[in-house]
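Quick heads-up: structures coming right below.
Consider the two complexes below, in which chain A is the common component and chain B and chain C are the respective partners.
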Partner chain A sequence: MRSVVRTFRQPAMIIPNITFPLLLLAINSNGLRAATHLPGFPTNSFLDFFIPIAFMQGALFASAIAGIDLARDIDNGFLNRLALTPMRGSAVILGQLGGAVALGTIQAAVYLAVGIAAGVRFETGVAGAAVLFILAVLIALGFGGLGIYLALRTGSGEAVQSTFPLLFFLLFLSSMNLPRDLIKAAWFRDIATANPVSYMIEAMRTLVISGWDAQALGLGFLFTFAMIALALGLSAASLKTRMART
Partner chain B sequence: MTTRRGVALALAYRQATVLVKNPSLFVPPMLFPLMNFVAFAGGLSRLSQVKGFDFAGGYTAFTFVFVLLQSAAFSGVFMGFNIARDFETGFARRLLIAASHRTGIIAGYALAALLRWLTVAIVLTIVALLAHMKIAGNGVDVIGLYTLAALVNVAGVLWASGIALRFRSTQGSPLMQTPVFLTLFLAPVYVPLDLLQGWIHAVATVNPVTYVLASGRGFISGDANDVLLAFGCGLGLVAFFAVWSFRGLRRAERAAA
Partner chain C sequence: MRDQHGIQAETLAREFKGGIRAVDGIDLHVSPGEIYGFLGPNGAGKSTTVHMLTTLLPPTSGKARVAGYDVVKHGPRVRAAIGAALQEAALDPFLTAREHLRLQSSLHGLTRQQRRERSQDLLERVGLTQAADRKVKGYSGGMKRRLDIALALVHEPSILFLDEPTTGLDVQSRSALWGEVGRLAKGEGVTVFLTTQYLEEADVLADRVGIIHRGHIVAEGTPTELKAEIGRPTVEAVPSDPSQRAGINDVLSKFGTPTAGAPNAVSVRCEEEADLADIVRALDAAQLHVAQIQLHEPTLDDVFLAKTGTSLEGAAEEEELETVSV
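Now for the complex of A and B:
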C-alpha cells in the first residue's frame, strides 16, 4: 500500500512515464507508416503493429520507478528498519512491487483506451484485448522485479537510473520496428531472435493483427513468467545479502 | 576570472574535469545515440527498399546523419542538466558572484557541451564506419555535416541552459529534453520527407530540423542541397536560443541578488 501511495504521489514521475510512450506511438505510427508498403508486412496499419511497444515502454518506465523508490528506501534507512521487524523478505519484495504493478495496470488501461480510440482493431476481439491487458501487467511485474533487483544490488538510485538505458536497449534490439522476417541485417535478426523481449512483443502483436496464435502467445507468456521468476529470485537473493550486511 | 573568455575557458575546463572524474555522467549521452544507431541502421535497413526511397548513400548513412544530429542536440541538453545541478549544489550561485563577465558562463557551458559532443561524435563515427557506412561526399561536405551538427549542439545547450537558468533545479529536466526529442522525431527520421504521409508530413515540412537533416544527408551522400536554408535554420535556432538563454541568465542574476 505504501509503495502504491508513494508512486502516485509523484505525478512528475508518473505523467511523463504515461505520456511519453503515447507520444512515441503517435510519432512512430506515422513516421514508419511507409514500412507497411514492404512486401510481406503483416498489416496495413502501423499503429496496429506498433501499439505493443507502448505497453513495453510503460513497463520499462515502471521498473525504473520501482527501482528508484526502493533505492531511496535503502538510502534513507527505511529498509534497515524493516529488517528489524518480523516481516518476511518475500513480503518486502512483493510490497515494493505494488507501485510498479499499479502503475503498469493504469498505463495498460490508458494505452488500450487510447489505442482503441485512435483506431486499433483487435483481430481477437474483446477477449484478445483482455489477454493483452493481462500480459502487459505481467510484463510490468517482471520489469518491476528487475528494477527491484537492481536497487537491492546497487543500493543507489543513480545506479538504477544509469542501468535503465541497458533495459531499454533490450527493447531496441528486438522486433519492435519490423517483423523479424523482414529485418534485413542478419546480425540484428539473430539478436532479435535471441531476445526474449521480441517474443513478448510478438505475443501482444498477434492479438491485435493476426488473431489467436498459440505459439506466439505461449512463447510470450513463457518468457514473461520466466522473467518474473528470475527477477524475483535474484531480488530475494540480493535482499538476503543486503539484510545480512545490515 | 577577469575576461569573458577567461570565464568561459575556466568553466569549460571545470566541466570537462567533472566529466572525466564522473564517467556515469558521460554514459547516457554516449549510449542513447549508439542505441538508436544500432536499432535504426540494423533493424530498419529494409526500409531502403520501400518504393520511392531515393537516398543514394545507403540506409546506414541515412540513419547516421539523424543520430549525429540527435547526439549533438542531446549533448547540449545534458549540459542543461549539469547547469541545473550546479544551481542545486550552490556552485552556480558562487559562480555568478565570482565571474566578472557573466555571459562567459553560458559560453563556458556551451564550450563544454561542444567538447562532450565531439567525443560522442568521434565514437559514433567510428562505429558507423565499422558498420560499413558509405561516405560519398568530399572533405568539404563532411566538414559541412559536422558544422551543421555543431550548430545543433549549440542551439541545444542554449535552449537547455535557458530552462536551467529559469528553474535552477533538475526538476526542469523533462522540459529541457521533451521538446528537443519531439522536434527531432517530428522530422523525417526513418524515411525521406516525400514518403511521410498525413499530419506528420505537414509538421515535418515546417520543422527547421527537416532542412538541417536533409542537408546533412545531402552532405554525406555527396549531393548537398538546400545548404543555405539548412545553415540559415541552424544559425537562426542559435540566435533565437541565445536570446532565450541570456534572458534566463538575467533572471538567475536577479534571483541571486
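Now for the complex of A and C:
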C-alpha cells in the first residue's frame, strides 16, 4: 500500500512517464505511416500497429520507478527498518511490486482510452481489449520485478537508472517498428526473433489488427510469465543477501 | 517495557570482504535500564556492532544475547524485544508522520484501534502533533529524528538502540532528544544502547561508556571512572604577548607534558596533582604575562587520547578513510 501511495505522490515522475509513450505514439503513427504501404504490412493503420509499444514503454517506466524507489529505501535505511519488524522478506518484494502494478494499470487504462479515442479498432472487440489490458499489466509486473531485482542487487538508484537504457535497447531490438518478416537485415531479424519482447508486442498486436491468434497469444503470455518468474526468483535470491537478518 | 536482561556479547566479531575486521572480538555487558554510550570515531565499528546486536548483520564469530535471546538463533524474538533508530533517519519522504506510525504499528501486528491510539500517543510524546499530517520531506533534521525514535517505540520495546541519534542536530534538538532518552531509561526502565561520536553526549547521557577504536573496546566504565583513571588535569595559558609563547611553554613544561589545546594557547598535561598558584608564581618569576590561565579537569577526549594515542577528532578523520560499509 505504501509503494502505491508513494508512487502516486510523485507526479513529476509519473506524468512524463505516462505522456512520453503517447507522444511517441502520436509522432510515429504519423511519421511512419508510409510503412503501411510495404507489401505484406498487416494493416493500413500504423496507429493500430504501433499502439502496443506504448504499453511496453509504460511497463519499462514502471520498472524504473519501482527499482529507483526500492533503491532509495535501501540507501536511506528504510529496508532495515522493515527488516526489524516481523514482516516477511517476500512482502518487501510484493509490496514494492504493488506500486509498479498500480502504475502499470493506470498507464494501460490511459493508453487504451487514448488509443480508442484516436481511432484504434480491435479486431477482437471488447474481449480482446480486456485481454490486452491484462497482458499489459502483467508485462508491467514482470518489468517491475526486474527493476526490483536490480535495486536489490545493486542497492543504488543510479545503477537502476543506468540499466534502464539497456531495457529500452531490448525494446528497439524487437519487432517494435516492423513485423519480423519485413525486417530486411538478417542479423536484426534474428535478434528480434530471439528477443522475448517481440512476442509480447506481437501478442498485443494480433489482438488489435488480426484477431484471435492462439500461437501469438500463447507465446506472449508464456514469455511474460517466464519474465515474472525469473524476476521474482532473482529478486528473492538477492533479497536474502540484501536483508541478511538472522 | 521494563527490561530484565540487558545486552551481553562475548568476543563478538564481524569480518568483511578483503579480511577487514570492522569489529574485532568485543565483550559487552549492558545492565537492564542502563544507558550505555558506545563512543568512537566514524569507522571505528560502532554501527557494525549495532547491526549485529539488532540481528541485521550476522556476526562472523562470537556470541551476543539481547533481551535474553541469542542474536543468531532467535532473531525474531530479539527483534520483537528491541526498537532501533539507526544511523540514517530511515523515513519515506512521501509519507506523513502519522502514516509512518500507522504502517510501523501495522507491521508489528497492532489492531486498527491500537494503531490509531499508539500513533497519537507517540506523536504527542515527540511533539509532532502539529506536523503529523505533513509529508516528511518538509521536516527538519530534528523532527525526522524525533519521528525516527517514535517509530522505534511503536511496539513498546524493552531495549532501544540509537545509532548516532544526534548527529547533524542543532543544540536545542540535541538537548530535547537527550531529555527524552533519559526519561525512557529512568522513567520506564528501557535499556538504551547509544552510539555517538560526541564526547559531551556520552558524558551527559550515558551511565557507562565504552570506547571503541579500530574494532576494539579500549576503555569502559562510567564517565567519572574513566576520567579519574586519567587523573591528570590540563593547564592552558594564553600569552598576553604572542612573542612570549616560547618562554611560557618552557615554564609550563616543567609542570607537565605539552598537549594539544587552543591555537592561541600553550597547554600541558600536569605530571601530578597541579597547583595553579605554583604555575602562576613560576610565570611571574620569569616575568611572563598571560591573558588567561585555566586548569581543566580531564575529559573523555583525554581518555580517548590516553587510550588510543590520538584525539577523537583526529581519529575521526583518520578512520573515515577506512570506513566499512555495512
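Here is the rule we use: the second predicted complex is superposed on the first by the 244 of 246 C-alpha atoms of A that agree within 3 Å, B and C clash if a C-alpha of one lies under 4 Å from a C-alpha of the other, contacts with A are read in each partner's own complex, and residues count from 1 in each chain.
One rule holds for everything that comes next: a residue touches a chain if its C-beta (ideal position, glycine included) is under 8 Å from a C-beta of that chain, and two chains touch if they have at least 3 such contacts.
The shown structure was predicted, so the numbers you read here are calculated from the model rather than taken from an experiment.
After superposition onto chain A, partners chain B and chain C are found to sit side by side with no clash. Touch counts on chain A: comparing chain C and chain B, the chain ahead is B.
Touch criterion met: A:F188 reaches chain B, while chain C stays clear of it.
In the overlay built on the shared chain, the residue A:L23 is in contact with chain B alone; chain C does not reach it. Of the two partner chains, chain B is the only one that A:H37 touches; chain C does not reach it. In the superposed pair of complexes, A:V110 makes contact with neither chain B nor chain C.
Once chain A of one complex is fitted onto chain A of the other, the partner contacts of A:N80 are limited to chain C, with no touch recorded for chain B.
No C-alpha atom of chain B lies closer than 16 Å to any C-alpha atom of chain C in the overlay.
Residue overlap on chain A between the chain B contacts of one complex and the chain C contacts of the other is empty.
The touching residues of chain B, when paired with chain A in their complex, are 24, 27-28, 31-32, 35-36, 38-39, 41-47, 49-53, 171, 174, 178, 182, 185-186, 188-191, 195-200.
The touching residues of chain C, when paired with chain A in their complex, are 54-58, 71-73, 75-76, 78-80, 82, 84, 86-92, 94-95, 99, 103-104, 107-109, 135, 151.
Interface of chain A with chain C (complex): residues 2, 5-6, 9-10, 73, 76-78, 80-87, 244-246. Against chain B, in their complex, chain A makes its touches with residues 12, 16, 20, 23-24, 27-28, 30-35, 37-38, 158, 162, 165, 168-169, 172-173, 175-178, 182-185, 187-188, 191-192.
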